[in-house]
Each structure stands twice: as structure tokens, then as C-alpha cells.
Amino acid sequence: MYSFNNDYSEGAHPRILQALVETNLNQEVGYGLDSYSKKAIELIKEKMNRSDVDVHLLVGGTQTNLIAISAFLRPHEAAIAVNSGHIFTHETGAIEATGHKVVTVESKDGKLTTEHIQKVLDEHTDEHMVKPKLVYISNSTEIGTIYKKNELRSLRDFCRKHNLLFYMDGARLGSALCSTENDVEFVDLPDLFDAFYIGGTKNGALMGEALVICNDRLKEDFRYHIKQKGGMLAKGRVLGIQFYELFKDNLFFELAQHANNMANRLQVGLIEGNIAFMTDSPTNQLFPILPNSLIEKLQEKYTFIIWEKINKDASAIRLVTSWATEEEQVEAFIRDIK
Amino acid sequence: MYSFNNDYSEGAHPRILQALVETNLNQEVGYGLDSYSKKAIELIKEKMNRSDVDVHLLVGGTQTNLIAISAFLRPHEAAIAVNSGHIFTHETGAIEATGHKVVTVESKDGKLTTEHIQKVLDEHTDEHMVKPKLVYISNSTEIGTIYKKNELRSLRDFCRKHNLLFYMDGARLGSALCSTENDVEFVDLPDLFDAFYIGGTKNGALMGEALVICNDRLKEDFRYHIKQKGGMLAKGRVLGIQFYELFKDNLFFELAQHANNMANRLQVGLIEGNIAFMTDSPTNQLFPILPNSLIEKLQEKYTFIIWEKINKDASAIRLVTSWATEEEQVEAFIRDIK
Amino acid sequence: MYSFNNDYSEGAHPRILQALVETNLNQEVGYGLDSYSKKAIELIKEKMNRSDVDVHLLVGGTQTNLIAISAFLRPHEAAIAVNSGHIFTHETGAIEATGHKVVTVESKDGKLTTEHIQKVLDEHTDEHMVKPKLVYISNSTEIGTIYKKNELRSLRDFCRKHNLLFYMDGARLGSALCSTENDVEFVDLPDLFDAFYIGGTKNGALMGEALVICNDRLKEDFRYHIKQKGGMLAKGRVLGIQFYELFKDNLFFELAQHANNMANRLQVGLIEGNIAFMTDSPTNQLFPILPNSLIEKLQEKYTFIIWEKINKDASAIRLVTSWATEEEQVEAFIRDIK
Amino acid sequence: MYSFNNDYSEGAHPRILQALVETNLNQEVGYGLDSYSKKAIELIKEKMNRSDVDVHLLVGGTQTNLIAISAFLRPHEAAIAVNSGHIFTHETGAIEATGHKVVTVESKDGKLTTEHIQKVLDEHTDEHMVKPKLVYISNSTEIGTIYKKNELRSLRDFCRKHNLLFYMDGARLGSALCSTENDVEFVDLPDLFDAFYIGGTKNGALMGEALVICNDRLKEDFRYHIKQKGGMLAKGRVLGIQFYELFKDNLFFELAQHANNMANRLQVGLIEGNIAFMTDSPTNQLFPILPNSLIEKLQEKYTFIIWEKINKDASAIRLVTSWATEEEQVEAFIRDIK
């Protein structure tokens, strides 16, 4: 059985493990103040040409979202997201558990528009309703689509105009930035968002997300929030070492590129087999629509998620590639489809 | 400079890293449902001779405390702890952030007694005050002391009689169980507590705590709470692999024994130097009282925490040993003291 | 200007004020343990033929909803409501502020069905999503509709079968029960719901809602939750005196009947004027669709809420009658429409 | 039986009830935006010579404290209070339920000093502990003592210097301001505090507290917090009418003066009977120490709280007078003591 279940089926890229092994017995201070974390943070800031942002290394995506959003919002303020947004669907009410509502809008392609936000603002006009304050997007989205630079600029400008915070969940940011359809550069990010995170877990790290806070007003006392919500690792070095390795030679982008290449290969193969897709994804998640009989056959050799029933005979499945996806498995899958 | 700052200055025991390397490219399902986590959990249950407890592998101590306590309590219920309890002092209000008060009692040796609890119950008699419900202890305590079996039994019986939950923070459980003064066995634990955790971070793991839930009424839906509070690792395997390694050949206890041996050696050396201690610790944290002038000298070669000012000329410092503490550094420290 | 804005534009029914005046200088104990509150509670239980329910007198609707729901749910559990449900739309995220998500379904008539609930259950299957646990309905609904007894029984049975709690927001329960289309009796309520509240504020009291807890498992320690959330009045007598007056001679039902009569008269008059309605309401809220030009004219003499734009020339307005609505104003309004 | 239990044993001062009766059928808008509330708020601002403060009329003390404190603090920030502070002892963890720790210091006279605060600041130095941010005092205190103007100024200056918010719980502010030992004027208050509340419930109203927000940074969106926490009355007029009556002719101060006069009379009588006091209270709460045998006798004719056991033969009781206390009952009590 080969898994196309997700992009976290394996451990870490070997170079990352190697770095953990090599530094293992060096003594360091705890709680993210170690020299590796500091170096990693400096490196990330350098790669973005921005010395003025704050970077915090956290363990996981849900954790990062809940710490950031609860730190940024006052009790009556809410987040805005599309109805497929991860914070709304698959974080077990983590944001609500910190006291904040997530206001959603319907979106077919998983992307948020200024029209969506305007609609929410129009409906929330007084103190009997929550006050929408933070705009949440994922890039790539939960269904594989990505934002173009002009779309992000438009959202950013709208947010600034309406005094909203603009936040990006970057669990799969690597894949988004390395997509053939992408025109956003890594250095563009701090100018686009009030805060965002760079996902490590789904791009070759054992675990780890780097939260970047660009808006000065959101920076103060942030480490208190990390500690209070249980997100401060005693051995913070584990995150620092990994992110340093990911960014010192562009490993982060190479791994994302590999994941995308494997997805592209799959996509081409599926298209050649006349297979349609539920969404038009240029990243490492594909949603082909297959006859149920074929799905059953494939399940004998591969694992993947059945995403959505399309009709009584066919369903969309989700295929996810990663830094670790083997080319021969992709080719075998294509052969098996045909 | 050599650090006696804490027991998390290094990475992981090399065998743990080795296990991570060896399993690295095997594909596994996510979120703690992988085969390594399952094996580790089975192993821990076997070592306790208890197939009926639930074990969950979590990332850190504050996280474990806040997830467990918020899952176990209703909104009006409170935890009881000594005033040096970690949840009260050094978790940035993590328990309060989930809505629960921590009611404290003064304790000189860091340990809680039934008299303490009775006093709290006597003072909390109606709905104008919180309802004390969960008794929190740490073993070893934050100042190095440990509980004897009869003390734990007495607390357990008192809790059962008064319908209180009995919870142990085992961040340094290994050191407690391997102390020369300890008479509690690993297999005794499930019978003593409603829930407790086995600390990995401070005993040789990169990170990780194994929460053991013994009381059936506390088990239901626990994974929801882990996810909601941001504690569910996508690559849960990272915890499973580590705990399996710690328990398959008693590495967990060997590492704690080494930490204790190093502390014992330090203690003997300090006593020979006629140095007094703030607390009588039989575990891996020592609190010798030293002249400030000597402290300054020592700081040229060693790092440690200055715990408390004793008088204008002397202070208690904290020396912590670990699985990684080097014997020659201990000997050197003793020589330097003398 | 005469107001059809809402059913809380005036103070209290004069008999209620009279009762407050007459009892004013009698000394009573505080916090809802006074003799008036006890008598009121006994009376309500008698009127329902149920000595085994618990009744708590609270100040307002949002307060009652948030105290009850947060007391009833564990942290990972969520409420289910229709998208027009008061807890979802007009309570400023009060439920989310206690940590719980409100999962919604679309409903045109403001009513929830078992199909709605089944859909939510089908979509919430594991610990990555919240666990739906409490079913929230309003009767009458936010748009004036009511539930028939067979609908409530069907919902109740479904809830019991799926281990869900069934909760009714009765802010306008009086109007629902006194509707010509209603077939639910007051005595039926405790058998239908795990908990519900009887709204006083919108039916002639200065303020006050009587929460009835029918499910034994929800009763324990409830007064702690009232106090913790700021809902326990020092002079709880104020609520007791009012509810006693409302129920000792069926004033509660007489007032609701008057409100409905006034609404019926309005409705008949509007229908005679060939005016259509947005919803088919048999209670004290009407939603006629009027030309914008007529609305402007009416606003010179009456106040009401413009509920929803229907097209560029017409809007639905909300007309609310109450225990205090004057018949001559209703007649005048009908004349002005024609 | 005559009650000296508390200052909320009766209803409201008759003039207040009269005002409710007279305005009863006037139609008003809801949620505190009615003309009575507006007039009351303007009046309070006038009496303080401050047009720039914000005033919100709320229902009860615990509610006011929890709404204000949770609105003012960020998640990692804590309140500082003495160990007898109402928010720490008798609000069922209301502040913690909003996520915030209350850090306490020991105080014999129920009053907080700058030394107390400095001690807390010294102990809270990094992100492993909460960040003390709001200084909470009660005036008069829970044990009847009051603050002098120089004490309040000293606390205020200390708070400003250390970027702390200074908040006063004024549940018994009337009695404090009308005490013979008081030198603080009503107009001084806005300059002393970032926010405080004027207690109505314990000074002649049916219910009601007027929260005054002086610090501009705390004002924004405050009505959202009131609504979210269930504190916004649909018939906000009920609070407006009462506060207008309390302040239009100084009724507020007359009622407090009466309560104090009755307490003074009691105190003089008790001192003449050679009775000692637990605290030196110049306000409407007295804590005489009486032989247990005498207490039992008195309990045949009076109700009061037994506050604290002093030794095996004597206890301190609490006697509370109010706007409604009858002089003949006070004289009778004194006679019975002698």
C-alpha cells in the first residue's frame, strides 16, 4: 500500500534529522531562546528582506491559528473565513474555545474575495452581533487553489481601509509559492499580511510552523500567549534547528517544488486518462473525480481520502503529494488508472 | 560554560534520535493513530499491568495540564494546588485561561496534604465561591521533594471520599520514581490517580508527555480536547517512536537514574563542603545555599538559576542534573566549590 | 409616534409594579433564596404538574442562553441551531465567548427539523470537528413561526435517540402558546425538553426569564453557573415577585393573548389591504411586505424595524405587538395602510 | 426577626418605585438607549463635572466586574487584588471564567498599598507568569474600611508609572463617600481611576451599577462586551429611571448617609457596651466581636452573618445597615446587647 493520504505520512527530510543529530548534545537555553531558533528566525527575516517583523516558531497549525487569533482579537471580535476554512471546519472549535466566533461565507473555490468581506461587514452593524475584525485565508487553500498577487493586494487594501487584520494560514504555503500559477514571492508576504505562518509540518519538518507578525501593534507580549496556550517547547531548539535547515539552502522551496512536480505529473496523467477534477488545483492536493468501481480497485494498492460523493456512481478523491512522494509510485498510480 | 540550568538543555538521548532516523521514511497515518504511537501506548499499559487505562501522547507539560484539567472540570469547578505548584506559578495562567481558578494553600516543602485540602473545602461552601474539584500535585515537586506511597494513598482516599479528582503532574516523574527515598512503583500509579502524566521532555525525549487516564468517567472524547487545544501533532509518530524507545528496554528509568546519580554525587560533594540546602531534595533538582561571592565565581564556569535570596550575603541556587549530565562536570563543580 | 418596534417598549404590566410596591419593605434574604422566588418557582412547577423540575429565575434572554448552554456542555461540544437562531445572530457571540461553537443549518421558516440535525451529525464524525450535543430552537421563532406538538415530539425523540440535549429559547413562549395555531400545552413542555425558558421580559415583566431544567443530569450545581456568569441578582425577590404575579392568575397567558389578538387584528387588516407577508406568522411578530413609499409615509407616525429588502421597490418590515399594544393604534395603523 | 444581614434585604427606595410607576407606559427604545438612561448618564457626568467619561448602566456587581475586567485585559493579563477582594473570594471564579487570573496579596485591613503592587510586579517578570495589568480595589472594602484621598492618589500614580489600570469596585461607594472619615469627593473619582462603578443595588435601587470609564483607551466598543456577557437589559429604562432618581436630588447620598448614621449609632452603642471590633469600619458594615452565648441570644430576634471565629468563646459577627434600616430596630439591638 502506498499512501497519497496527506503530506505528513513520513518523518522529516533526512537533512533535518541529520541536523538534529549533529547538534544533539550541545547545551542550549530553553523555550525558544536558544541559538538555533535565533539563527533560524534571523534567516527567515533575511529571506524576506525584513528585519522589522517578529517570527515565532510554533509546533502545529491549529496551535498557531488559535494562539495568533486569540492574541490579536478582543473578546467581541470575530474572524471571517470561507466555509471550507480550516479554522471553521477541522480544528474542533479551537477558535471558539478561545471565545471568538468565526463568521463564514460560501465559496466554491475555497478563496475569499472582498465582496465576501463586504457582505459580512454589511450584516454586522451593531453591538448585538460580533464585530468582524480578522480576515483569515489559507494559501494554498484547503482544496488546493491559490491566490494571485493582485487578489492578495486587493484583500489587503480592503482590510486596511476597513481596519481589519489580514491573516494567512500557510500550512501549505510552500506548495502555493512553488506552484506554476503563482506570482507571489516570499519577500512579498510581510507587506501583504498583518501576520501569517510558514508551514513546516506539511513541507518536510517533523513539526513546526513559523509565525510571522508584521503589524507592530500585534507584536507586544506575544510570547506570553505562546506559553499560556501550551505552545512553548522546553526544547525550542527542535524547531529552530529544523527551520534553519529548511531555509539555509532553500530546502523549504525544493521540497515544495518536488511535491508540486509529483502532483503535476499525476494531474497530467489523470487528464490523459480523461479524468475530470472537482477543483482546479495547481498545488500538491488534487481532487479527481473517479468511478466508484475504479476507486475500489485503487484502494487495493493505494490509500487516499474519499473527499465527496459526486453522484451515485462517482466520487471525488483527494490525492496529496509531498516532499517524500516517490516518482515510481506516481507513475504506477497513473498506469493503474489507465 | 557548563549548564546546570535545567534538564532540557540537550536534545534527546541518542537512541531516541536513532529510532527517529530508522523509521523516518515509513508511511504512517497522522494524528497519533500511527502504529508507533499504538505500540508505545500498549507498552506503557503493559508496564503498568493495566489494560484498562487510556494513554495519550502529548507534546509538553503546560499543554498536558491545560488539556487534561479543562477536559475534566465543569466551568464552576477549580483545581487545588500548593502555592509553588507549576500550574499556579509558571504556566502564564494557562488553567485560568480555560476558565478555571486554581485555589492554593501554603506549603513549605512543595507537597500537599489532606489537611490542606480540608482547609480549602471548609472555606468553599456555597455557590458564591468556586467548587474545588481537582487536586493537583507534582511528583517530584517543583522544589525537588517527593511523595511517599502512604502519603499518596492518604491523598487518594481523601479525594475519593470527597468526590475530588486526583491528578499528578509527572514532568519529573522519572526522577521521583528512581529516587533512593521513593517507595512508589510504576505499577502503583494507575491505582493512585484519576489521571497523571509521565514526563518525557525532562527525561531524554525531544519532547513528549504521556497522559494516563485511569478514571473511566474522564476518558470519553478526550481526543477532541487534544485537537481543540492545539495539542494533536500531525506527525504523532514523533511522540510514539520516542515513548516506545523510552519504555521498550527501561531506558526511561535508566536516564532518570543517571540524573539522580549525578544529583546525589553533587549533593554529597556539597555536604562535604558544609553547604546547607533550602529543601531536602532526593531528586535531580538541588537547592544549595551559597555565599553570593561564591555564586559569582561559579557563574564564570557554570550556568544555573539563582532561585531565592536567603539573606544579604547568601542565596539559594538551583542545580539540575539530567540524563545528559557529564560526571566530569559534576566532579569539577564539586572541586570548584571546595 | 407610536412604536411597533418590539415587545419591550413599555415597563411592566401595572399589576406587576403594584406587587413590587406592596412587598417593597419586607425584608428578605438575597440571591434568589427569598420567599417570593420560592413561591414563584413552586407555582410554575404546579402549573406544569411537575414537582421534579428545577426552576431558576434569571434576568435576560442572552444571559439565560449563555448560562444554560455553557453549564450543559463540555468544552468540545457544540449547539445546533437554524441560521436565524438568536444565539447565532444577535447575541454578540455570547455562546462562543463561553467556548462553544454554534453549528447552523439553513431554514426558511426559522424552524429546525430532524433532517437538519441529521445533516449536522453526518458532517461531524470525528475529533477534528466539534461534537454536536445541544439542539437549540426558539418558540416562537425569530420570524414569528411556531412549532406544532408533533414537530416537537419528533425533535425530542430524535435527540434522545442520538444522545443530544433539546433546549428551547422561550423568549416569546407566551405568544407561541397562545397562538391560534398552537396545540402545545404548558404542561407538555417539561416532557418535551431537557431544558427551556419561559420569557418574562417580552411578556409584561420589567425583566426576567424562568429557566426550567427537566433533565436530572443538568441540574447539579446550577446556581454556581448563575453566579459565575453574573446572573445572580442580590435582590432576587425582584424576579420572584414578578413571576409570582405572572402565574398566580394566568396573567402570563392573558398578556400573551392580548399581544396575539393585536397581531391578528393587524394581520387581518393588512390582508384586507392585499398586503403579502414574508413569513406566515401566527404570533406577535408580523413581517408584511410594503412598497418603500408607503413605508416612508408610515414612518411619520409609527416606528418599526425595516427587516429586509425584498426588491428595489419593496421591503419587509417587522411589526411587533405586546401586552401593552393599544387597540386604537392598531386600528389607526390599518386605516393608514389603506 | 429583624435583619442586619446585608444592605439588600428590602426592595427599592419608594421614590425609585414611584418613578418606575410614573414612567411605566411611556414607550422607549430598548437596550439602554432610552431617554431615561441617557438622562441618568448625563446627570452622573454632570455631577462629576466630566463630560468626557463614558457611563454604562449595568445590572449587578459581579456582572460589572467581569464585563469590565474582561473587556479591559488582553488574554495574558491579570488583575491584582487583596485576598479579601470580592472578585477573588465571592464571585465564583467569574474573572477566571473569562480567562484571567487574579493575583492576590495578603492585607489585614482589606486595603491595597503600592508596596503590595510592587511585590506582585517583582514576582512577575517574564512570560512564564501572567502579566499583572489591572489593580482592583473596593471602596468601601469588603470589611468596611475606606481609602483616603492620598492613598488613592498614591495608588493612581503608581499605576500610571507602571502602566497599570486602576479600577474601583464601588458596590458600597455611597457608604464610603458619606463616611465621617472620608475625604474623597464624588468629583474626584474620574481623575483617580481608569474605571470604577457606582453601586446602586446596595444603596436603594432594585438593582443597578453605573460603570464609569475614564480612560479613553478602554471606551471603544464597550457595549459589545455588555451584550456578549448577557448584561444588556432589553428594558434598559429600568436602570435609567432608577439612576436618574438616585442622582437628580442627591437621593444617592442621602440614602448612604442614613445607612452610615445607623451604623454609627450601632457602633457607639456597642462601644458603650465595651464591645471590641474586628475591623475599624467607618461605613455601613460593622464587625463586633461577641461572646457566642450572646450571639445565640441575639439570633432569636435578629439575623446577621457570623463572620469569623475569634476564639472558642467569641466570634465576630457582621452587622450591615442600609438606606432602609429602622432607627428603632437599631436602638432595640443596642438595648438587647446591654
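Note that the chains take the letters A, B, C and D in the order they are written out, and that residue 1 is the start of every chain.
Quick note on the criterion: contacts are C-beta pairs under 8 Å (C-beta built on N, C-alpha and C of every residue); 3 or more make two chains touch, one makes a residue touch a chain.
Here the structure is a predicted model, which means the values were calculated and not measured.
Participant: Quick one: which chains contact chain A and chain D both?
Facilitator: Touches both chain A and chain D: B, C.
Participant: Relative to chain A, which chain has the most distant C-alpha mean position?
Facilitator: Here the answer is chain D, farthest from chain A.
Participant: For chain B and chain D, let me know how many angstrom lie between their CA-based centres, rounded off.
Facilitator: Inter-chain centre distance comes to 42 Å.
Participant: Could you tell me the distance, in whole angstrom, between the mean C-alpha positions of chain B and chain C?
Facilitator: 50
Participant: Roughly how many whole angstrom separate the Cα centroids of chain A and chain B?
Facilitator: Averaging C-alpha atoms per chain gives centres 33 Å apart.
Participant: Where in chain B do residues touch two or more of the other chains?
Facilitator: In chain B, residues 75-76, 91-93, 97-99, 127-128, 130, 224, 227-228, 232 touch at least two other chains, as defined above.
Participant: Help me check something: in the complex, which residues belonging to chain C touch chain A?
Facilitator: Listed in rising order, the residues of chain C that touch chain A are 75-76, 78, 89-93, 96-101, 127-130.
Participant: Taking the touch rule as given, give the residues of chain A at its contact with chain D in the complex, in rising order.
Facilitator: 31, 70-71, 74-76, 98-99, 127-128, 130-131, 221, 223-228, 232
Participant: Which of the residues in chain C come into contact with chain D in the complex?
Facilitator: Answer in residue numbers: 2-3, 5-6, 8-12, 14, 17, 20-21, 23-30, 59-67, 91-94, 97, 201-202, 206-207, 224, 227-235, 237-238, 324.
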